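Let me give you the structure first, and then I'll get to my questions.
Which chain is which? They are A, B, C, D, E and F, in the order written, and residues in each are numbered from 1.
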Amino acid sequence: MSTRFPFPELDLLPPDIRDRIVAVQEKSGFVPNVFLALARRPDEFRAFFAYHDALMEKESGLTKAEREMIVVATSSANQCHYCVIAHGAILRIRARNPQIADQIAVNYRKADITPRQRAMLDFAMKVSTEAHRVSETDFAGVTAHGFSDDDIWDIAAIAAFFALSNRMANVTAMRPNDEFYLMGRLPK
Amino acid sequence: MSTRFPFPELDLLPPDIRDRIVAVQEKSGFVPNVFLALARRPDEFRAFFAYHDALMEKESGLTKAEREMIVVATSSANQCHYCVIAHGAILRIRARNPQIADQIAVNYRKADITPRQRAMLDFAMKVSTEAHRVSETDFAGVTAHGFSDDDIWDIAAIAAFFALSNRMANVTAMRPNDEFYLMGRLPK
Amino acid sequence: MSTRFPFPELDLLPPDIRDRIVAVQEKSGFVPNVFLALARRPDEFRAFFAYHDALMEKESGLTKAEREMIVVATSSANQCHYCVIAHGAILRIRARNPQIADQIAVNYRKADITPRQRAMLDFAMKVSTEAHRVSETDFAGVTAHGFSDDDIWDIAAIAAFFALSNRMANVTAMRPNDEFYLMGRLPK
Amino acid sequence: MSTRFPFPELDLLPPDIRDRIVAVQEKSGFVPNVFLALARRPDEFRAFFAYHDALMEKESGLTKAEREMIVVATSSANQCHYCVIAHGAILRIRARNPQIADQIAVNYRKADITPRQRAMLDFAMKVSTEAHRVSETDFAGVTAHGFSDDDIWDIAAIAAFFALSNRMANVTAMRPNDEFYLMGRLPK
Amino acid sequence: MSTRFPFPELDLLPPDIRDRIVAVQEKSGFVPNVFLALARRPDEFRAFFAYHDALMEKESGLTKAEREMIVVATSSANQCHYCVIAHGAILRIRARNPQIADQIAVNYRKADITPRQRAMLDFAMKVSTEAHRVSETDFAGVTAHGFSDDDIWDIAAIAAFFALSNRMANVTAMRPNDEFYLMGRLPK
Amino acid sequence: MSTRFPFPELDLLPPDIRDRIVAVQEKSGFVPNVFLALARRPDEFRAFFAYHDALMEKESGLTKAEREMIVVATSSANQCHYCVIAHGAILRIRARNPQIADQIAVNYRKADITPRQRAMLDFAMKVSTEAHRVSETDFAGVTAHGFSDDDIWDIAAIAAFFALSNRMANVTAMRPNDEFYLMGRLPK
């Protein structure tokens, strides 16, 4: 919790915000700090999670693990403490792979991923770091691996959404919850 | 309109999306292309404009013109064709100043703005280009000009939201409508 | 006008400098500030405009509009307030196109130009930003579109000349005249 | 193990190299891959580990955990898969802190470290990324926290040694052993 | 001599160009290649050398050696083969110092120069590499050492002129004459 | 000699260090400053020169001159005063070419070297400046010129070793001896 942007009092929040926070608490056993940090601004909170869910929870040509790979790779390029640690945990769980998040965070070019996933991350990183240079060559790099135009939109939109998310987390000094560090590292 | 991501048929859209598009058409006399481009994805459309309105339309310690300054400065750094042209037009109108958008787009350090606005844009540009380095020195640079913590959140959130927006516009090759180029350049 | 480098008194200038300034005033209806700013140094003024005219006014395999495209693209990369606004106006007039200058200034990769013009600007931007890496691959990129060696020299020389010009304008805080902002934006 | 640079046969190695490898196996329970990768070149192996030990094992004004912080921070900037994972494990153990390595790898500016350690890492990162700009201001930044000239040498030398190490690991595609990922994450 | 841009035949050149070339040959004992390379374009040749002489030969608050320091430092940043070698020779001669050019070319921050010269080169390098960020802080850095506004113009103009010159030399693959390498290295 | 890190007293050094220094003095006629600067730390001294000799003195598919080319090119990119001047001298001698070191230091892409040497330096520069991006494309660039895997290791290891060396020289403000500047510039 940043001293500049303290978490709001839970019982002063609008009911829908509070309900969402209670629901995630019940599901996860703790409240990820991103919910508390953004609750300071209810309208932005609602839009943020609506956007997040529209990209990360829906049906897609990308698996949920692949979507988290995009989050971890681009958030690491943006040096976002909260997103790398928290989404690294989610990636480990969704990929059922305790090493993949650390590998992608350090250097996705050396990670144990498929060539298709490598192409996906190359495109996502270009969107994240120099979208103004995205060209037909970049589109060809992903369509060659069978990604459809809708898949490409998903890749781009996830990279774009976390461009927003990483910036908010860095400015508000958002901290990942302690729970995330170990999550998904041990065999069940 | 990008050939890869064509605009959807208006009458196939969900009613709330169509209503919003009709409303903006009636208000502005044309439909800015961002509405048509994002309508391809109704859930993302709803979240995008909810987020946009939460930042750009509400009461704030920043004037609406100042908020558009942030959009133009950061979108220019991201070389976003749609956002610089369209929000440049809105900035000219809101600031009642036909030169300010071009000045900020080229080099905000040389624009005819107040020292307070200069500090606001310095902070916004840091969030846009290297949020991971935002430090107490940067916060001091804006608080020295009287910006409150909530104002700072607004500056950061607008820079972060257009980090998302610029990336989507660049990947989808979103074009500004012809109407924007001249808007706000002539005395009424 | 910069307070550090004020414009000289017109009637204290050498006659040839004054004559040139009077001539441009008569032709354009106003004196572009670059003439007044550089008049502080008569010898540099003479060399600067001789160089400018040798590149921009002569016969060439590049149209005058294309040469102004190079000026606008490279001056935007250098964030040169004076050159983007003033030469943007000249480009609009020479290309008889009210949108082209803004498009090229924001991101020339998305501008409505021909593939040949795109190749020309790719080469010019390489000269402007990393001439030490210009290689046979870059030459091949322009010769493939029919540019002759003399055309390539012209592209490079214009990019190089405005590398000088942009730096002088930025250091002296040269301001574009108000007239430039609207010039070429309205149908005649 | 890279297919280009396979590990040498253990029993073909010079006895001193083999002895060192056996010793580390006995102490750690496994052979970190850096020993096997560099054994391809016995003379370089000997010099590498002699240098390593001279910096990392001796008495110093920096604790062993602090020295590992420098390794993790600079290796992350260099995107070195092996060094971030392996030395992240060593850092967790030496600092008796399961979170510190991930925090420093993502963004050392947000890690839970002391102001003195922050100054140490600022200096180390400057040496790692732009040593040619190290100036009296940088020295003042560390001496203000009580670092002696010999401590500063240590900070610089560790950053410099891992500049070498990171490059070799990246070129040879050195993989961290599986054991490192979980090491130091669980309470003993 | 580049095969793409061969030197013109000397006796086909306009008389004033030929006269200048003959004069420099008589004075120096050889013709520096920049004269032959640019003679391909007589009007540009005349403007180039007029500009050069206006900056480098006139009376100034900067010594001729100091002006060459600016040339060598900025040309090295631009990796300009011709300018570093040829003007390095001139600097050695004008400064009567056989080491100064190599020192400035490698890293001017470590060269044996006065604090005033260091401030001059800091300003020149800022103009050369990011003129759009030149601010009052930069002006203060040079005025603190007694540089007048006219001196500052000279520093900026030399950095700007060689921004042009370096780009032309790199694109035309201009080679320094063999004579320059050893010039000024031996005591007379 | 840096005032922060003065050279140690020669007769207080361990005998093996002193012997090595005396030997180099006898062979070269002077003691290159790198020996005196690093003698402050005997263990690091021993490891440094053992590593250096393992790379630079052994048999290799690279000639000794080629190895010095790698040193000069990468040390110039790192703006290392000591290494560019001292190894520039050694390169001139080993290549029996008085111009080659200056050419490579300024811009190796324009130096008079073979295409094979150009490929070698391209690979070395990639290792030096962005080893985390080294890919199969880069390996193909050198294997196409007949470099073996062991040659490639040598190229990488030399670039990596001088990444270390350059950083130490820059932090300790190591000065090249006066003797190096002229060495190898005059015909014997």
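For the reader, a short list of remarks on this structure follows.
The criterion applied here is as follows: a contact is a pair of C-beta atoms (placed from the backbone, for glycine too) under 8 Å apart; a residue touches a chain by one contact, two chains touch by 3 or more.
No experiment lies behind these values; they were computed from the predicted model shown.
Any chain touching chain A that also touches chain C appears here: B, F. Overlaying the C-alpha trace of chain C on that of chain F calls for a turn of 120°, given as a multiple of 5. Taking the CA centroid of chain D as reference, the farthest chain centroid is that of C. In terms of their C-alpha centroids, the spacing between chain C and chain D amounts to 51 Å. Each chain gets a centre from the mean of its Cα atoms; for chain B and chain C, those two points are 29 Å apart. A straight line joining the Cα centres of chain C and chain E is 23 Å long.
Touching of two or more other chains is recorded for residues 79-80, 107, 132, 170 of chain C. Arrangement of the chains shown, judged by which pairs touch: an irregular graph that fits none of the line, ring, star or complete shapes. Listed by label, the pairs of touching chains are A-B, A-C, A-D, A-F, B-C, B-D, B-E, C-E, C-F, D-E, D-F, E-F.
Those residues of chain D that touch chain B in the complex are listed here as 107, 109. Within the complex formed with chain F, the chain D residues making contact are 4-5, 40-41, 43-44, 46-48, 50-51, 53-55, 58, 78-80, 127-128, 131-132, 134, 139, 149, 152-153, 156-157, 159-161, 163-168, 170-172.
Chain F makes touch with chain E in their complex at residues 76, 79-81, 84-85, 88, 98-99, 102-103, 105-107, 110, 170, 173, 175, 178, 181-182, 185-186. Across the complex, chain D meets chain E through its residues 132-133, 135.
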